[in-house]
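Down below are the structures I want you to see.
In what follows, chain A forms one complex with chain B and a second complex with chain C.
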Partner chain A sequence: MQDIEVKTEHRVTKIDPKEKKIQVDNLSKSETQWFPYDQLVIATGARSRRLNIPGNDSKNIFTLKDLQDGIHIKNYIDEKRPNQVAVLGGGFIGLEMCEAFRLRNMETFLFCRRDLPAGNLEREISEKILNELQENGVHFLDHQEPVAFRLNSNGEITSIETSKDQFPADMVLMAVGVIPNVEIARKAGVELGKTGAIRTDTAQKTNLVDIYTAGDCCEAFNLVSQDWVHTPLGDIANKQGRVAGENAAGGRATFLGVVGSAAFKVFELEVAFTGLGTQAAQRYGFEVGSQVIEAESKVGYMPGAKRIVVKLIFDRKNGRVLGAQMVGKEGVARRINTLAVALHQKMTIDEIARLDFAYAPPFSAPMDPILIAAEQAAKKIVK
Partner chain B sequence: MSKKEKLVIIGGSAGGPSAAARAKRFNPDLEVTMFEQGRFVSYGS
Partner chain C sequence: MQDIEVKTEHRVTKIDPKEKKIQVDNLSKSETQWFPYDQLVIATGARSRRLNIPGNDSKNIFTLKDLQDGIHIKNYIDEKRPNQVAVLGGGFIGLEMCEAFRLRNMETFLFCRRDLPAGNLEREISEKILNELQENGVHFLDHQEPVAFRLNSNGEITSIETSKDQFPADMVLMAVGVIPNVEIARKAGVELGKTGAIRTDTAQKTNLVDIYTAGDCCEAFNLVSQDWVHTPLGDIANKQGRVAGENAAGGRATFLGVVGSAAFKVFELEVAFTGLGTQAAQRYGFEVGSQVIEAESKVGYMPGAKRIVVKLIFDRKNGRVLGAQMVGKEGVARRINTLAVALHQKMTIDEIARLDFAYAPPFSAPMDPILIAAEQAAKKIVK
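For the complex of A and B:
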């Protein structure tokens, strides 16, 4: 018993920062009440974006953001036994769900706007993801822009019309990103950043006195680009929440920022990245160099050794590492954290190439894939 | 007896519960209330 009052099925509809109170709808009783506060934390999260096309509110179209969404999807599959599922969007929710649908033996179609899945990642990484999807029976449909859903008389989708063609589907997962829930904050006068999420600082304060924010509804500072970004991820939310909570309770905690690390799994493949990709780094004005290598996750004679791809992105002028991406069936998701540390410390490629890593045959190679990549990359730095 | 300070948290997924727990640990005298529109809390992290 932690003596924290938790009110579920209560929707906050208004913040009055002058009177320091909030308006709350009790959804189970249809009652509205005002609650006073001394300090407030806005942790309203984000919601799934929906494509604004005809038929987008039918009952067999789903989004996946929270536990309730997952329960809806599972129940629908259990009851209706759909055969063909269309996944719209090749980000990590879409990719993870392709695996989940294939595990339920559903014929799975993945629709992407670009030529490759995980279009925000480097091509060398996305190509491996595409290969893994296809090896596991996912039909990948590139350059598809859904324009409408065709419905039957029950209001259920039977097919998807895209800019190119028409495809049958008896279930649709829309995984096209999230929108921060900022409406009640904005109406109360809380400032938003250029990303559309709530503007904050390293103390997780907002522009309004005694109002803090944390999580998918607010921005985070990217330490590589030195820019405020919207990075809706659970671990960031958790860390920001701790800082917001401590400061709201009278503390002086700080959340200094992110470097942009994340990992996900697609079938047998581990995918992980940190920092900026090539395009983002160019947008921020860096003189970008990159190096891709393929190497074994551990010494080749050890059972379970797998090929992994490492791509390093760096500043050609001063050799500073700007980002890294990896893909492979083993040894990827944890290995990326080494490079996250390098980004936090603003290390150069040369410094990374000389790092003393732990080595034993079951775990790595004498020259770890990161060291091989850095050594190759070092040759491209302007001296 | 002085009135307890009230900390209100809007949202019960990841940021909200972390804020609630840390605030309460930092100052056990706080009266902490967390509102969540859904049926579940702390599913996100």
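For the complex of A and C:
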């Protein structure tokens, strides 16, 4: 095995797949060089999306994608002590940052295009998130589409203009999603999927010979919808990277796909989901049924027991589970994974209702919330 | 639907399956009566086992099976303020009670026949439990087989004699397992299984017409070993009871079986397991492989992250998972259930290593401990 040589401060600017070489800017020396390759792995990641509206390059507008972004935000707060922060976007970066800003005692405004935060989730889940935000002093502004930023003479934002109104702000966090870094790959002839990310297969190959891809720059196969998706998450990138690396080194590894599992924390609330939501499942042509229940996270007499909401989404024709979402202050994030396994295995609601889970009062009730939800859901399946 | 009539203070003493009636002692009136039945459900539970050695009926020897037992123990401690308590048996009742006694500041001695507590679990798990007991001041006495109790003139225990030595004790908790209450059923001709509990099927029927059974008095089918077992646990009883009740009322429900999932807490330690241990799997003829790993319960920089131990047990010939055991101070009990689903679905180690779990730093690492264990285990499978 050959040694690994790490080249920091080198930026790849071009790929020549015919000659099998890459053009690289040596940033420290301001030189450009060509390096030959036998196998190439494109793992260029993604970058934060920015709203394309006037004033969007102001120096007190921030995005958050990597550690350096976090350091910039922290330094700005420490130096300038902004009072009013506007968070644009109700996805989980925006929500997590609402918590962080409130912990710094900043007045926090969350601007959303939809009527609820985490608008991709089911309403029953998003409503609990809204409640948690408001209980923690976040001002939630629904149906707000920013149209311009107003700047002072220093080029700093002083207010945000939306389709509805104008709001003062000392600082803005733009958390409106990410864009895969595919420009260099595309110019070299690497094919993109319909999501705009690099198209790949279960071996993490691209359409070009000896070029692999992994991580936030490429797509992943969703095993529930049987469709290629762009789901830029750390654990998926990690798994794809192992497969791309192994195969580039002559192995025969496969990454079969994802089911769409994720979790986040917002203040005291745990939110977790896996598989498809109702609308996505309908778009894919499933005859969708759903069941929402509320139950104790563990036996009610145990300290710390909390009510949690479980929503199951299933195919009414055959009872197959299509997705699950949960929210609550305890025992949510790690509970969802049983349903992730069920999705991988294409299990039915009936099969889920019969699962033998570990029961002990400090951790669960004799009938786990998932089993209660499945038992209720089973009554809705067309037999 | 007819009303339900609840008869408290009535003890069933005989079943006449030919005449379809039961003999009942009315305890409040000291009367015996016969009641006819159309369908009968035998749910007589289990009782604590007692060691059959001299002095075992002393008034300061306790067992713990139901709420009344707990009240007796609590009252005795409040009244007599015993200093030294001997716990006989290292199963999870014994372990949980060690914690309870230490919380009352009692000097606690745990007597075990084997070299480690929770001797049915894997050594890697039991060693962590022993360590936790000792860190919390429990005196662990290994390889101790009690042979007699020494009593004072009031009929109270003063010491325990074992095969090795003699130990003072003001109070004894006997936690050496349970015996199914099958005497009345057996006399009526209800067939017992090889475990000594009532034999049943997936409809919770007994061998006798119109007689069903559920709970700690009967067996359950283990889907991993494909063998009937006696696993007296509350969640299994709950599920069996629903099926027996539905079928006695004319339904067609089934309880397909268990995989052997359970969890308990001992001081700060969470312990959870599912499926077969190494020795049990070998007894059932599997070519057993295993993998132990230690990993963080969540991303290491998050507050509260703890090291947890995961052991996977699998069939080396085909990679099928046979069991899993975990121990640690955080994130154990609710993690085991993903592997319970894997056992229900007869998944392989390879399939487990590819699962898409929800990842977020407050709850897990990008590579969940289960995925790390499965990836390591996969290297040991004969291909």
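Here is the rule we go by: the second predicted complex is superposed on the first by the 380 of 383 C-alpha atoms of A that agree within 3 Å, B and C clash if a C-alpha of one lies under 4 Å from a C-alpha of the other, contacts with A are read in each partner's own complex, and residues count from 1 in each chain.
Everything below uses one rule, namely that a contact is a pair of C-beta atoms (placed from the backbone, for glycine too) under 8 Å apart; a residue touches a chain by one contact, two chains touch by 3 or more.
This one's a predicted model, so the numbers in the text were calculated from it and none came from an experiment.
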| item | value |
| --- | --- |
| Partner chain in contact with A:333 - chain B first, chain C second, else both or neither | second |
| Chain B versus chain C as contact partner of A:366, first or second or both or neither | second |
| Which of chain B and chain C A:285 touches, first, second, both or neither | neither |
| Touching partner for A:303 - first (chain B), second (chain C), both, neither | neither |
| Which of chain B and chain C A:358 touches, first, second, both or neither | second |
| Partner chain(s) touched by A:264 [first = chain B, second = chain C, both, neither] | second |
| Contacts of A:235 with chain B and chain C, given as first, second, both or neither | both |
| Overlapping contact positions on chain A, where the chain C interface meets the chain B interface | 234-235, 237-239 |
| Touching residues on chain C, where the partner in the complex is chain A | 223, 233-236, 238-239, 255-265, 270, 272-274, 331, 333-338, 340-342, 344-345, 347, 351, 354-360, 362-364, 366-368 |
| Touch list for chain B against partner chain A, complex | 5-24, 26-28, 30-41, 43-45 |
| Touch list for chain A against partner chain B, complex | 2-12, 15, 22, 24, 27, 35-45, 66-68, 184, 212-217, 234-235, 237-246, 248-251 |
